Amino acid sequence: MFNLIGSAINGVKHALGGLYQVKRGLETVAMHTWREPTTEAYPDKAPELPPHFRGRLALTVNPETGENLCISCRQCERVCPDKCIEITANKSTETNKLELIDFKIDHGLCMFCGLCTEVCPTYCIINTNDFEMADYTRSSLIYDLKKLTLTQEESAYYFAAKEMPLPKPKPAKPAAPAAGAAAAKPAAEAKPTATVSPKPAPESAKAPETTADKPAKEVEKKESPSTDTPSVN
Amino acid sequence: MTIQTKLPEFKTDEMVINLGPQHPATHGVLRLILTLDGEVVKHTEPVLGHLHRAQEWQGQNRTWFQYQALIDRVDYLSGMFTSWALSRAAEVIDGTEVPRRAEFLRVLCAELNRISSHLLWLGTYLIDLGALYGFPFYPFIEREKILTFFEEISGQRMMYNYIRIGGVQRDPKAEWFKKVEEFTKDFPKRVDEWEAIVTENPIFLNRTKGIGVLTKEVAQAYGVTGPTLRASGIDFDLRRFKPYSVYPELKFDVPVYNKDGDTWDRYMARIQEMRQSIEIIKQVLDMIPEGEIMSKKQNAGLRIKAGEGFAAVESPRGILGCYITSNGSDKPYRFRWRNPSFSNLSVLPPLLEERPISDIMAIFGSLDIILPDVDR
Amino acid sequence: MSEENKPADKPEEKPVPAAKPVAPAAPAPEPAPPPSLGTYGKMLKEKGIECTPMALSTGVETIEIAPAQLPAALKFLRESPQAQLDFLVTVSGVDSPDTIDSVYHLWSYTKTDELVIKVRVPKANIPADKLPEVPSIASYWQTADWHERETYDLVGIRYIGHRYLRRILNPWDWEGHPLRRDYKQLVDALNDKNPESFR
Amino acid sequence: MKIDGTVVRGDHFSGNIAEIRKFAVMSLSWLTVIFVAVWGVCWALGIFIPMCLANSSFDFAAILSEVCKALTPIAAVLVFIPINAMFMVLMERRALALFTRRNGPNRVGPDGALQTAADAVKLLLKEDITPTGADALMFTLAPIIFFAPSIFGALPLLAAVTNNHKLFQIVDLPTGIFYVLAASSVPVVGIVMGGWASNNKYSLMGGLRSAAQAISYEIPLVLSLVTICLLAGTLDVVSIAYQQSGGLLNWNILGGGALIGLNKAIAALVSSSGAPFAEVMNAYYPYGWLSFVGAAVLCMCTVILFGVYLIGACAEINRIPFDLPEAESELVSGYNTEYSGIKFAIFFLAEFTNLFIVSTIAVVMFLGSGDCPLPTWLNPLSYPAVYEPLAKALSPVLSVLINDLHLINPPTFWAALWVIFKTYSLIFFAILVRGTLPRFRIDQLMDFGWKRLIPITLVIFVLVAFARGVINFHV
């Protein structure tokens, strides 16, 4: 009998305790009503992204002269884990320097790891804060040189935001001939003999073929990166 | 006339049901082939691999530098730890000395990441238990802040690629540390709030107390690690047991639950771990020295000396290990992940035996499995 | 950091299987002193289990055990009070140049000791279109169950005595073992994504 | 939380007035729309058309007007339910957004007020899929069986919540609550049918769970209501609603009339007219302290009964924390996993309608129906000194509206307003519960129902039966 009463009292205690806890929970949830929403009004208001945000890839230009900074060294192309960068360059006969003809990035493949921006010696390829790239076709995700190149103002903004050292004024001089050459001889581009890697590859480098079944070439490529590429900290 | 005292034998058929791979509560694409008697589970057969992305194969076919960027995907909720495990293994083989500031930054980021991972677990666990609409948002609000911190230093919210072989990628600014400090002050209050809603809630207690009891012996036999193991009463935390990095200099408790090893203990273990992580972060913020953050040049030709090694870190889910055989080239020769989720998941079938179907979610959720970590 | 022992041991040599023509010039290492048996090696030896010391895997005692003696050795290491290596961290398979290894990382829940056990099956001994065979320990050490299945799936080591040796990560009808160095991928994953891509 | 002068979003109790205001405005405008629409249709059908027909010399005028009058309650329900469900869904989403520090739907219409209307259109236009191997007939019937009974079962409530307006008395049912309960136990058949006919194991389990759950929670639910009927001495919802008029102290949630005496005595004390305090007390509580104990017991019992009713009702309509039949994390979506398009819309509609109906039952049976919570002696409007000047000032307008057009019936108007307020408060509470509690497990649910709630209600039933004897309810 006492047992029964005891257990009944226990049960009541248990029930009241449970009710109290439920009340506490309901109260806490209800009190959240008074707090400001944390959602962001995204399409109406663009989010504030940190300067190092890894968004769409782009090529900077010299903020002062507006000339393209890419030296066609192909480090980004080599380091890309997804192989989504393709550089077409030509060795100019007059200056004996590489001229950038086209720069393609397939953003449909890109995983935005930012490795290409880390190896770039001239801070040319960068991650911008743009992330709105949705499109209707895959082919439209392949950005070419024109689409990739930023304006002078944008470049200036990113150079400042990312605290990258501004390019030295020296390469500003050959800008005109390079541009002229690139524009002038699209025909010559048919045989872009000089792949840009320091060592000329045996066959024409249309696109980097699958490296898997070409071990010889792969090894050559692997050995080529010189150790003096800058580390980006 | 006789009175029939015994009921006639009542025979039921068993039902085989596929839980997943597309199911709201399998945290991804786990498939469980359940044999049910009514609602009681008789046999469980997990089918893995729906998310298999050949991470080990990719490790062997990419250079060190490239692969560092990929491994955050192994366990996308705690990318810092996957990076850390890889970096540690490589450093151990290579004999790289990591700068002190980098070590502190690693600990700081890792503990923040541990909190964010546990927060996601907390939210989704309550979803598993049916509190679908209210509570789960609160941990996510806090997690969002942590992700913003990471976004600021690494550039992305989940695929950080921040911890590198030989150091860390970027030195945060002073304001960043200030923000983290504010967060550490604010966070314990939030945990108190959540505990007020959840911990003693009678329905929650009913759903978790005494459910999915994982005994010490079973846990050890299956190689279970992490909070799941510590909730079973085994004090086995790598940060304490085989201290690495600067953990020996930091004071913190390892929450161990000695009683049952049920789902409630696992819940509490994680809640307490978050509080401890906050303590660690506070200390790190005080102790962090100035100095270099990287001792190994990060470039496409990153190479590691020949040798082999195994290094592990205590990830939010347990021991995340990395067994690497290097031959001195710029690619690892053999890359092997030891993932906590893989071992923790293997204990699921014995835990589910003879449990009703509702408990599947309570138990499975409490193990804190993340499927990409299982399938790699 | 005992780094000088890259040497006589195969796995550290070079990755490129014979098919690949170019050999990265691995500098000829100075011969390291032959490794000697550590604590656990001696323990096993007392027990009558043959084990060969190997180059340390980054400071951790590493021994090689003959396949036949593996279950006995692991059982002893797990259960004997002085060894107490009761935590099987992982079972991995490695396709070394000359051998196929099954590697066991043993830890303890009570001590900080570690031990790496390797079971190596020389490739020369493996008949064509047969898998290397290693005894399974899954029947009494449950951790090994899935780990062995995974190793079977990816590296292709047949664990004799495993109750349910099926593919675990790959689909059941997958052909070949992807982590073998001679594995030929039917479709190049890197080039089979976007038909419109320039790749 | 301030960092270098910048405020980090969402971390301080600065208040969320803007969102709360939006929520309130949205609710009030939707309620107005509902109120106006329903009353407009009813007035047109039940009053205006008969009024016009009364003067006509049309042959069937009398019959037609009768038909119109008879159709009024059905029209009221049919107009009310879809609009109400739309509002409730929106309110639920907005309220949950408030609790979880979000904005909620805010795209369609002003501040998202038309979101659910858009959703409804979308659902109706969606392809209606019947899975292969499903029993097509059963599959189609299930939502209808789920939907129909509870609505038409709830018809008797209409008269109660409109203060017995003659338009809404479809038939004078002396066993109103019995009819409501009988009808409300039918929908489970629809769930089981849907679960079985879907040819899906998850659906089947959801359906069976629902059957088990409904059977076990029907009992405490009915017992709690029966106890109220025992106190009221009638099964007629209209009478029960009437009995509770006169303020909070008369309501069934507070002793089911045990405090009527107290109420009247205080009223006597305040107005200092009529019988003196002690006399009234003696008339109602004839056995002295025993009566007071009885009254206290009754108060306690009815409060508990209200709790039991809420729990039982939650379980009956599969709301969280009792949403096992559609437990998302276990059974995907339970019995309605395979439903899409309009059939799913009907299930959805029915769920919210059921929530509204059980809330209305709670209001009618426990919370004084359309009664103002202020006791008459506290309510300023009940004093002629306040009321009469007001009425005089408004009379030119009101007399046209009330007497000529019959557009407003003041008792009905006030009763309906109070019922709406109380009902939606209960619904808001249900939303809060949904935002907080996790789900029961099926066996714990059964345990809780059979081993806790049913014994409690039985004990209370007995206690009430005894305690009732020591109080004089009707003087």
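Letters A, B, C and D mark the chains as written, and numbering starts fresh at 1 in each.
Just so it is clear, a residue touches a chain if its C-beta (ideal position, glycine included) is under 8 Å from a C-beta of that chain, and two chains touch if they have at least 3 such contacts.
Computed from a predicted model, the values in this text were never measured in an experiment.
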item: Smallest number of contact steps required from chain A to reach chain D; value: 1
item: Pair of chains joined by more contacts [C-beta pairs], A-B or B-C; value: B-C
item: Between chain D and chain C, distance of the C-alpha-averaged centres to the nearest whole Å; value: 68
item: Mean-CA-position distance for chain C and chain B (Å); value: 26
item: Centroid distance [mean C-alpha coordinates] between chain B and chain A, Å; value: 28
item: Distance from the mean Cα position of chain C to that of chain A, given in whole angstrom; value: 38
item: Shared-contact residues (touching 2 or more other chains) in chain C; value: 24
item: Residues of chain B whose C-beta touches two or more other chains; value: 134-135, 138, 141, 197-198, 201, 203, 329
item: Junction residues of chain A, two or more chains touched; value: 22, 25, 29, 32, 38, 212
item: Chain D-touching residues of chain B, taken from the complex the two chains share; value: 15, 17, 23-25, 39, 126-135, 137-138, 141, 145, 175, 178-179, 182, 186, 197-198, 201, 203-204, 206-207, 356-362
item: Residue ranges of chain B touching chain C (in the complex, touch as defined); value: 48-49, 52, 54, 56-57, 60, 92-93, 95, 220-223, 234, 236, 241-242, 305-312, 319, 321, 323, 325-329, 331, 333-334, 336, 338, 342-343, 346-347, 375-376
item: List of chain D residues in touch with chain B within their complex; value: 1, 3-4, 8, 10-11, 96, 99-102, 201-202, 205, 320-321, 323-324, 327-332, 434-444
item: Residue ranges of chain B in contact with chain A within the complex; value: 61-63, 65-67, 69-70, 134-135, 138, 141, 144, 151-156, 159, 161, 169-171, 193, 196-198, 200-203, 293-294, 297-301, 329-330
item: Chain A partner contacts - residues on chain D that touch it in the complex; value: 9-16, 19-20, 97-103, 432-433, 435-437, 452
